[in-house]
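Following: one structure in structure tokens, then a few remarks.
Naming follows writing order (A, B and C), and every chain is counted from residue 1.
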Amino acid sequence: MTTLAAANTPSAPNGSVAAPASRKVHKSLDEKKPLLRVQDLAVSFDNRGGPRIQAVDGVRMTIYPRQTLAVVGESGCGKSVTAMSTLHLVPRPPGRFDRGRILFQSDAGERDLVTLSEPEIRSLRGNEIAMIFQEPMTSLNPVYTIGDQIIEAILLHQKVSFSEAQQIAVQSMREVGIPNPEQRLKAYPHQFSGGMRQRVMIAMALACQPKLLLADEPTTALDVTIQAQILELLREIQRQRQMGIMLITHALGVVAENADVVCVMYAGRVVEYANVFDLFDRPMHPYTRGLLASIPKTREKIDRLVTIREVVDNDAEFRKLPGAEQGVRPWWPWHQPPADLAARPEPAGDYFLQEVRPNHWVGVWRTKAVADHESRPPDLDYRISDDPSRGGVAGRV
Amino acid sequence: MTTYLLRRLLLMIPTLIGITFLVFMIVASAPGGIGAAVLAQAGGAMTANSGVAQQRAYLEDRYGLSDPVIFQYFRWLGRISPVKLGSQAQQLPSGEVIRTPRPIPQPPLATWYSQGLPTLPKVEAAAIKDLSEEDRVRMYRRLERQYIEGRFNTVARITEFRSQLTVYARERGLEAGVNPDGTPIVEFFQNLQPDRSSTEWVVLEAKGKAVLEAYTAGLAAQAELAGFFDQRPFEGYGVALLPGVLSIAWPDFGTAFSSGRPVMDLIPPAMATTLTLNLVAIPIIYMVAIPSGILAAVRRGSLFDVGIGSVYIALYSFPVVLAGVLAIGFLANQQYLGWFPVAGLHANEASQMRFLPAYGEGGQWERGWLVDMLWHMGLPVMCLVYTGFAVLSKQTRAAMLENFNADYVRTAKAKGVSNKDVIFKHVFRNSLIPLITIFVTVFPGMLAGSVVVERIFTIPGMGSLMIEAINNRDFEVILANTVMIAVVNLVALLVADILYALADPRVAYS
Amino acid sequence: MPPSSTNQPVPAVVTGVQLMQGIGHAPAKGFWADAWSSVLKRPGAVAGLCWITVVAFFAIFSPVLASGHPIMLTTPEGRTTWPMLAALTAVDWYLLAVGLSVPAAYFAGPAAGRAARIRWLLGGLVVAGISVVIASLLRGSLDSRTPPAWLLPTRNSEVGGLMVGGAVAVLVGGVFAALPFASKLVRRLTAVVFAVVVAAGAVHLGWDRPSIERFDYVRQEAAGAKASYSVVPFSPSQRFSELSRVAPGTQLGPSQNLPAEHPAHDRSFVLGTDAFGADVLSQMLHACRLSISIGLVSTGIALLIGVTLGAIMGYFGGWVDLLLYRVVEIFMAVPVLFLLIVAAAVLPPELRTTYTMMAIIGCFTWTGMARFTRAEFLKLRNQDFVQSARSVGLPLRSVLFKHMLPNGVAPVLVDTSFAIASAITVEAVLSYLNLGPIDQASWGKLLASAVSSEGEFKWWLAVFPGIAIFLTVLSYNLVGEALRDAIDPKLKKARV
């Protein structure tokens, strides 16, 4: 089993993280209310010369302030599309919101992001919701200094003068651990190393103190030591600012170290949703079990590695779910739907994210048993740092 | 940045030398070399008093036509290089550059018919201090003519001697000493003694003695000319950095046969005309092509995009030759529309015009020099620009489309940058880079197009200079022209490199 | 996972899972097959290909379609001769053989073996073509001032052409048969035999053609001979000095003072004449050959030089690259047209044949291809498959040409179409400046007659050849564009 390093002990990263900024840009958040709620989101894409591709098909998730939700899945399962749809970054001629809502606690109250117009979503981008991406090499514009790029983000959303914006930029860079920020303002992206560039991206994203940070595989392109530093940095800033993080990744080690709640996706749907300890201790969906089983274990001596396919091809795995005798089956696209399917006529009516154990949801076929006892949608207000049984201190650090 | 520039400048030099080599080899590798065409024109006859012979002597002096081509190349390179080694050349008042005379070719097999070769005689220096400039020039011309004649005669006698040597060798049965094409292999005979009993020997000896006579006279002429030259009767050419060793001077491109004027007189006005045409064309191209490329990229797939793309392909496929001929036929000719002037860059009375348009006496509308020139430039510039539209617009569109999909555009959008700013501040700024590199290919194309356009519209630029030189077989002008075009091109490339370094910080600060 | 269900109807919306199962997208046919079918979907490219086919057709059949020699001439005494056929050169015969054999091989016989048939036919034709060109050059040298001594016996011999053609074809065929790309020995031999037959026959038939053509049929017809002509009854070299630059539709009769009942009276110059009095239409048809051969041969030479140099530069890198790239830069620094003009100008007129012009154009336009190939090879040489090929110990030429080249050749092949277009333009400019091939009709040469020295403009000398040049260049550009769009991955699909 993967060991969970004590995620709340601050190990010193390369550049020391400075004290939190004293100015507050946005309103304080009520930690009891969800920051982001994705409700039955569906996104499809136009494929020239072929049928539409359904990338996201009925996804539900909830993120609370100061919580890290890890969205896990293989390439093509729809995790990036989910995050990018939040900010309308999916190009919308080929892409289309089929249905669903994304409710966000903005400064102007709770709003459905799907229905926002272009100027409205632009005022949120980089401001209350920020996103960082996978490739720091190419994600920064090579012809402008990083100072220019960070200040651009600041001036777009805050009414400050240029020199004030410069100071904010410097402060932001210092917070992410970039040494000599005043000189580095005039440097170009190609003069930084990969890890530093990702810090620049984070500085740029956090310059306006967003409430929600969407991190799309932020460390996949970096080497392992830098990876650890960047993730530690994110945790630290989250602690200081009440920021919620949606961490998209396919690396379970990263999930184990950094996530509070985990959402496992496959083929555009959520197959499992639980807090990180429950997921690793008692995975319910065969796919999750397969994922966990396929991690090579360095301490055991085995003759062959376990593959995901072995697990999901085994029909018996699908009958281990609580409620199996009532006909509750984990949803799996490669299976024929069970005989007692009570699908609703609307799209994705054959699937449901059911709470099979307290605070543990599994994506199941909407059989009669499920239809008669539909549970609440996933909503987990869980943070490791708040959990006294896991060594965290109750309340805020 | 300065190191980058310095590096580019230094790299230009070997390229330039390489260009001179390439051009010279093309010209000199024509069958017969440089002098062949001159001979061909005169049908092979060589008389000392004809203009052809003078040309040939001039070429012989400058290049040494009997030497291997590579020596000819180095001689030419030495002349056109601004850095000159050896004793400094001098310049006549007319502008012609003169040098110390080259040695007369030595008689072959001298031992056969003489005791020894005469050496260069010592000549009393003619007093030049009191001579006026005119007199000096006259004296130089006289001595030069003497020298050329002497050289020419020596070469002619040597040729006769050699053909007689072949006859002698055949008569003596010494076939091994004769090349298949009938010329003798002199080295073969070096160690042999002449067979004085042969009938051909008498003739051979007489011819040899004639060679000796011509050679002596030639030596004398050379000595006189050299003596005169060494007194430095005229101004030195260029600046002597180390007297006798190193000097810098303008490149000496020689004299044009057809006009007799130094080539350096012909080139600057022609270059100015060609550059004017091209430099006017470039901003027009950019001003039309870039907006249309941006618009086509932003509205990709729309009617505008497809339509303008088709128009541009059609324009690009339309040869400049055809456009020029059609333009001059339909638009300029009085037979049809006659909107534009037919030839030249200025009207005949241009020198009497005022600069700006105005109303003259009697209320007549006067075009003015400026408008007149613009009116004359209209059609030629139009023929030069339309190809550039296509290339640049397509490149802009392609670059913008490529950058639309770039990751940093996604980042910018995620920051909340508006679409307009994304296009102009982020995408376009990055698209500038390939636009500058495309300039590198557009500019030579335009220079080449100038050849055709200048010929069709009778504009006295580098292109028509080139065509005239080709028709007149004026090799000096051909060589000089090509080198200067290459220099212009290299300068343009350097400018493009500078702009590139300004546009892309990855280049300058790495 | 369950097998893909290909016989189900394609749903309106597919999930990623279904895509994995194979539902919802058409299978690919192979890189070049896919590219070619994309090209064929674009109307501009299809139109371009049609025009190129038309030009190729005229290139092959122009000596038969437009000739000042009558097909059949019957003297009043009853003797029948075939002047047109007698006037065909070896190259003409060869091209006729090509023009007839390729469609025959394509349509006759089953579709299954078609590709293989065409392949060995083309092999034989290439060998025959090279042999015919070499033999024609030898024949030409017999007519020059200093004929080579060893060739002289063939001049007056009846089978001289047969011998020369056959011998050259055997030599060239032998060289080709030794090269590694023809597959089976039998096929190689058959191709060589075919080549020898074609080459020897063509050379023989064209052997006795006089080097200077004479056209005195009008006089013979006036004396009562009967002649039947081809579609266009004029040859490009047939000049009527009194009929310089006459308008289209002018009839031959009135201007030559022929009586009305003379059979030649109503022959008209459909598109007018040029400055020398030669018919424009026949020149335009014969000029098709030049444009096709410029395209094939010049670009072929440029491709050969450019790809080889580029491959060497890209593969070795280091100082090899540094040195050779300076050479490329030198060629790029002087506008190619200037170099070509100088090169063409220093050639004495008797050397300015079509072949030398094609060779010269090819020798100066290779830089673009060298740069493309170099860029591709620089990228490829660090890829794993190249490293593994080298580590296994494959010889250099195998690594370069069998492994790397097929992967790196795509941008160069796209550039080929554009290179052909620019070669045609360049040739038109050279012909316009009177620096083109002497012995061959050319569209550019016609353009040169359009504006006379007095400034008179005859529109038919500019418009008709101009349309031909424009359409040809446009066709190649359209095909090139379509090919580029089909191959360039970045423009292929919208990113999902």
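Points to keep in mind about this one:
As a convention for this text, a residue touches a chain if its C-beta (ideal position, glycine included) is under 8 Å from a C-beta of that chain, and two chains touch if they have at least 3 such contacts.
Small disclaimer: the values here were computed from a predicted structure and weren't measured.
Taking each chain's centre as the mean of its C-alpha atoms, the one that lies farthest from the centre of chain B is A. Here B-C and A-B were compared by C-beta pairs in contact; the pair with more is B-C. Distance from the chain A centre to the chain C centre is 61 Å, each centre being the mean of its Cα atoms.
Centroid to centroid, with C-alpha atoms defining each point, chain B and chain C lie 33 Å apart. For this pair, chain A with chain B, the centres built from the Cα atoms lie 68 Å apart. Multi-chain contact residues of chain C (touching two or more other chains): 495. Of all the residues in chain C, the ones that touch chain B in their complex are 44, 326-327, 329-339, 341-343, 345-348, 351, 421, 425, 428-429, 432-433, 435, 444, 447, 450-451, 455-457, 459, 462-463, 466, 469-470, 473-474, 477-478, 481, 490-491, 495.
Against chain C, the residues of chain B that register as touching in their complex are 14-16, 18-19, 22-23, 26-27, 29-31, 36-37, 40, 310, 313-314, 316-322, 325-326, 328-330, 333, 335-336, 342, 401-402, 405, 444-445, 447-448, 451-452, 455-456, 466-467, 470, 478, 482, 485-486, 489-490, 493.
Considering their complex, residues 406-408, 410-419, 426, 429-430, 433, 503-506, 509-510 of chain B touch chain A. Within the complex, the chain C residues that touch chain A are 1-2, 10-17, 19, 24-26, 493-496.
Contact residues of chain A toward chain B in the complex are 87, 89, 118, 122-127, 130-131, 133, 135, 138-144, 152-153, 156-157, 188, 190-191, 201, 204-205.
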